[in-house]
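Shared between the two complexes below is subunit A, which pairs with subunit B and subunit C, respectively.
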Partner chain A sequence: MNSEIRDIFLEESRETLMNLESDIVSLEGHFDRELFNNIFRYVHTLKGSSGVAGVNSVYEFSHQLENLMDLVRSERIVVSETIIDLLLDSLDYFKLAIFGTDEEIEESEKMKEGLLSRIFDCITEGTGKAQGADEKRPAVAPARDERYFHIHVRFKEDIYENGIDPLRIIQDCCAQGDLLERAVDRSALPDFPQLDPEKCYLAWDLLIRTEKSRREMQDVFIFVRDDNEIVIEDVTEEYVKEKELPAADVKIGELLMDRGIINAEDYDSILEAQAQENKKFGEIVVERGYASENDMSRALKEQDRMRKKLESSTVRVDTVKLDNLMNLLGEIVIGQSSLSRIAEELEDETEFRLKNALHGLDRITREFQEQIMAIRMIPVGPTFEQFRRFVRDQAKASGKEISLVIEGRETELDKTVIEKIGDPLKHMIRNAVDHGIETAEERKERGKNPAGSIRLGAYHQEGYVYIEVADDGRGISLQRVREKAEVLGFLHEGDEASEARLLSFLFIPGFSTAEKVGDLSGRGVGMDVVRTNIESLRGSVEILNQEGEGTTVQIKLPLTLAIIEGMMVRVGKSIYIIPLLSIVESLRPAREALKTVEDKGEVVMVRNEYVTLVRLYDLFGIPADCLNPWEGLVVIVESGEEKVGILVDELMGQQQIVIRSLDVDMTRSRALSGATVLGDGRVALIIDVHGLVGELTRRQA
Partner chain B sequence: MNDTATKNRNVTSEEDREELQQFVTFTIGSEIYGVDVLKVQEIIGITEITYVPNSLPFMKGVINLRGNVVPVVDLRIKFRMEEREYDATTVIIIVEVKSRSIGMIVDAVSDVIDIAVTSIHDTPHFSASIETDYIRNIGRKDDLLVIILNVDKILTAEEMETIRKKEAG
Partner chain C sequence: MDYRIPEDVGIKSVREFYGTLKGLLEGDETVILDFSGLMSVHLSVSVVVMAAHREAKRLGKAIKLKNVSEPVRRQLYLTGFNI
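== the complex of A and B ==
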């Protein structure tokens, strides 16, 4: 097969399957017709592309699956757990058959056989029921999407002679949904002397919002439609805001199917005709009377708008290109600052003009930078959605009933960060499922809802992104943490320990309070790994615990990895950057505030608190102007619970800095996390506060 | 007919390449060193170097190369030669090592020369106490003796690791 086509197919399928997965799992929560249509469309896309790529087994299978789903769409089968399981298993089959190794593909064939027979069972059951059950719709009628109809009715004048009351029909029609607009056309009403009271002169124009299909609306007029003027138009897209239209490249046939104008059989036969007659799809639809020309042009308009939206909303770009763009911008900024320096040296009127021009340029580059950063930001939603399946499977495996609530899916984060939080989140969710949420019996005993819930949320606050995994389970038993800490020798019996201190033990490698080692978690690798991962993203983790009520693990992350707000500090001739978000305060301590404490080294007394003092010149072995803290400045920084005071010569002001990674091999110091190029072209090193604190503790140990 | 013609041309061009190799040469003290021209990205004048604390002695620090932060190595220190003040001829040769840029500080850059492959010889065995991994061969062009460096070995992770261990032990 053409490898290029295959690559496109793989890429496309990966995305389709990901969407499919999250949609199927959300379907489980509640049936939503729109969602189901999406799923149908994804399967259909898969069928199409696998056909083009020549992956025949996938093509055939998706065709069968489509048949089954069509029955759901026509409401002959109700979505049950069987169907959802079947869909999920089919998804697993797709994954294996498309991305698997040769052996896995072979295995997938066996899977396919099993799945096909399950599909046929469902289909026979569904169609069987449908024979006698046409009248009796399923008790829980699936919610449908709402449509808007404009209905124009003009009855023939002698309608009363047929024994039909027009008003009843109009009322009947209005009862089908919400009547939004009504206009009565009285223009045909003759003057009173000519009025024949046994004739109907009026015409109605109605706008109705309803969940009923077009066919059902037509049925209202079934007895009168032959010799009266009745026009039903679907005007939905005029009333649905553009925002609500999904951005998608949808085939016109699929669109018509979605709107219930044609069904899958019609669709296939139209496609056949299209192949033979070489006409446009729409032409055939109109020719064969599946839809009126009006409907067709409306559908085409809708399709066009969806496509336009797609065009304006997505472009696929390699991240390397974005990085290059960012690097180039960095160079522009530096070039600009050297221009400003030259401008300083000029002394005539040109200086003023050049400076003005540079200011303008500066504004543009700043905006430029913001825009590039914005490109790198993507919503966290899709990452969160992936966990629906995970929670569902884990909950089933552990025999618990757990629902996953997702909040703040539109919160945006740097792409690199999003790629890296997947694993830590998985750990945390696993913990919540395994250890947090109790079994249904236990929950009932405690008077809780037997179904547990895990909330996965994200929000922005003060220049950070917070991500929380909260469960309403049993919480962490501080007593047990204490016992364990004593056994492991972190605490002595009778030692005072605050809740925060106790909880911090959970981040020590190998520390676990789980009673039994689960299949999934509780093997001692957990929170410490989560913390390491998050800290590598320059974030932090905190546990908020309410015993008996639940646990919330909160991750705090910087908005972006590439740019931080930094404070420039000077030590001798060197300039270092301290991330602004780590800085608590800076001060010049009094001589008396300095003390030397055994096994803590030098400390500064700050607001009745001893803070370890770090002499940066000493740590880095560089010359400095101020050797005495009461002459220089002490910058108090914070890493987690730990506070440290850094002695520097002076503060140079704050600046947005673009982080460049430092060659890992270059230094043994963990206190440095990278470098940046300053406005004057010099390179300044960035101090890693977590690493600095870590290095200090290691030295003391 | 055409086919054979192209083939012949290919053969000759390959032979050409085999015969001559191009090197950027530079001096440190009185010696002439050479680096494969394909490894050299660019040559810049000495610029402000930011010292990186707790790094190896020959790591002079990092420089700003058009917005990128590039580590630089002082070859005099690396080769255990006496240090000297940087002057107008001092240059930094930016080479590419495993798709990363590294700068090498040398006394002066001399030329780009072609050396016949046949006059490139393996290094004679120096005494074992000197690290000679980064010396690839010795090339001769007329009266010139060029020490050809293997830049991949100038700064390798393994080397860094062994030095680190030595220092620790």
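== the complex of A and C ==
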């Protein structure tokens, strides 16, 4: 296979399968025709692209799956759990067959055989119908797209001779939907004396609004279509001007299928004919009488309109190009800093003019940065949706009934952050399913709904994005956490410990493993891993607990990882950057404000509050000018509820900082999150406030 | 004059119905068609009534309908009869 085609196929398939998974899981318990049509389209897209890419196994399987789905679309089979399981298993097959290793592809072939046999069973036995009585059927009539049809009918004069009453047919036709307009052409009707009552002289033009497809409308005239004048035109476009556009390019065949003009079988057969006869798709459609020339022309116009709209509104960009763009912007920011330094060394007027120009450039650079950030921002919805399947499977495996509620799916986050939150979220959701939510019996005993609920939500607040995984389960037993902490030596019997401190133990490596073995409350399994991952994104994790009512794990993340506003501080000859968002204030404390407190170490008294003091020169083993806090400056920073004072020699001003990642060996200290290049070419390390506070808390613990 | 349309009027008897109506129109100024008992009509019957109605108007006469059931009213409407 051509590597370029293969890459496109893989990229498209990844997106298609992600959407497919989300839609299939959404379908469970709530049948929605439009959703099912989406699923059909995704399978169809997969079939088309696998055909082009030469992945015949996937192509052939998709075709069989389409046949089954076609029966559901035509309401000959009801969507049942059997069908949904089959769709989900088919999805797993697709994943293996497309992205798997050679061994996995081989395995997928065996899987395919089993699936084909299940598809065959569903088709032949009509599984959905057979089980329909026991299974969930849609409580309300499925929502279908309303379409408008203009129907012109002129019966032949001697139609009565065939024993047909045309009025019955017209009535049947009108009964398919709402009759909006009816015009009867009586121009051929002779005057009464010349009338032959056994002849039909009338013609009808009807406008009907219906949820039926064109094919279903045609079926009304099935017994009279051969020798009578029957023209059915889909005129929806004329009546519904603003229709939602699809998210991807629409092929004319798919559009015709959507309109019910052709079905999947017709589509394939036309494609085959197209390959042999070298004709346009539309020509074959018209030749075979599936649609009139008018219909085809209308469909082509609609396709053209959709394409133009898509072309003008979206463009697919390789994410590597976006990263490069961000890096280049970073270089511009660094160059700008260099120029600012040079401006400082110039004569008065030149300095003023250069600074003025740089000020304007700074404004544009910031706007530029905002725009690039906006491009990099993507909604969390698709990432969240992936967990529907996960929750479903986990709940099934643990014998619990759990629903996943997704909120704030439109909340946007930097794509790099989104790519990295998947694993921590999975961990937290698994915790909630396995240990947070009680069994149905336990829940009933506690007067709760037997079905548990997990809420996965996201929202923006104060320059951060918050993501929450909340369950309505049993919550965390603080008493049991305390007992465990005492057993492990983190607390002595009788020690006072706040709820926050007790919950912080759950993030200590090993604590969680011990919990799992001892079945403490089930919470905290792998929470240290979650925190490490989130902190690597410059974020923080907090647990909000309500014993008996549920637990919320809250993740706080920066909007972007690439550029931040930072405060440059000097310690000796070294420059460090403290993220501006973490700084509360800076002060020079009085000598008397310094104290040493048991369990907290050295502290500074700031407005009646003890704040732990961190001496950077001590932490990093570097020389400093000010060894005493009352000679230097203390920068108070905040992470969650905790405050820390960082002793520095001097504040050097704030500026935009382009974050560069550090080599793993250099970042053993959790107090550092990266580095940046300053205007004069020097490298400054960036303080990770969350990491710094976390490290101190752990030492104190 | 009132004329009660036979309940079994249909394509087989439409020619007879047409003849009757023709005769009535030639005589009376106003013909009242009684649809009692009719729940459905064949298109041919409906067309005869409509054509007769048009003819009556042309002649300055009138054809009135009475006891028209809702299904028949709907059928007449679909035939192009605005009643």
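Keep this in mind: the second predicted complex is superposed on the first by the 396 of 701 C-alpha atoms of A that agree within 3 Å, B and C clash if a C-alpha of one lies under 4 Å from a C-alpha of the other, contacts with A are read in each partner's own complex, and residues count from 1 in each chain.
Following the convention adopted for this analysis, a residue touches a chain if its C-beta (ideal position, glycine included) is under 8 Å from a C-beta of that chain, and two chains touch if they have at least 3 such contacts.
Just so it is clear, the structure is predicted and the values come from calculations on it, not from any experiment.
Novice: Where does A:174 make contact in the superposed view: on subunit B (first), on subunit C (second), on both, or on neither?
Specialist: Second partner only, subunit C.
Novice: What is the contact status of A:339 with respect to subunit B (first) and subunit C (second): first, second, both, or neither?
Specialist: In the superposed model, A:339 contacts neither subunit B nor subunit C.
Novice: Looking at A:186 after the superposition, I want to know if it touches subunit B, subunit C, both of them or none. Which is it: first, second, both, neither?
Specialist: A:186 sits against subunit C, while subunit B stays out of touch.
Novice: According to the stated criteria, A:451 is in contact with first (subunit B), second (subunit C), both, or neither; which is it?
Specialist: Once the two structures are laid over each other on A, A:451 reaches no partner at all.
Novice: With both complexes superposed on chain A, which partner does A:235 reach: first (subunit B), second (subunit C), both or neither?
Specialist: Touch status of A:235: no partner.
Novice: Now for A:8: first (subunit B), second (subunit C), both, or neither, which partner does it touch?
Specialist: neither
Novice: With both structures superposed, pick whichever of subunit B and subunit C touches the larger number of subunit A residues.
Specialist: B
Novice: Contact-wise, after the overlay, does A:202 reach subunit B, subunit C, both or neither (first, second, both, neither)?
Specialist: Only subunit C is touched by A:202; subunit B is not.
Novice: Kindly list the residues of subunit A that each of subunit B and subunit C touches, one partner per complex.
Specialist: Touching subunit B and subunit C on subunit A: no residues.
Novice: Taking the touch rule as given, give the residues of subunit C at its contact with subunit A in the complex, in rising order.
Specialist: 11, 14-15, 17-18, 22, 25, 41-44, 46-48, 50-52, 54-55, 58, 74-75, 77-80
Novice: Any idea which subunit B residues touch subunit A in the complex?
Specialist: Within the complex, subunit B contacts subunit A at residues 48, 50-55, 59, 61-64, 66-69, 71, 100, 155, 157, 160, 164.
Novice: Touching residues of subunit A toward subunit B in the complex: what are they?
Specialist: 327-328, 330-331, 333-334, 574, 619-622, 660-663, 665-669, 671-672, 675-677, 681-685
Novice: Within their complex, state which residues of subunit A touch subunit C.
Specialist: Per the stated touch rule, the residues are 160, 165-167, 170-171, 174, 182, 184, 186, 189-193, 195, 197-198, 200-202, 204.
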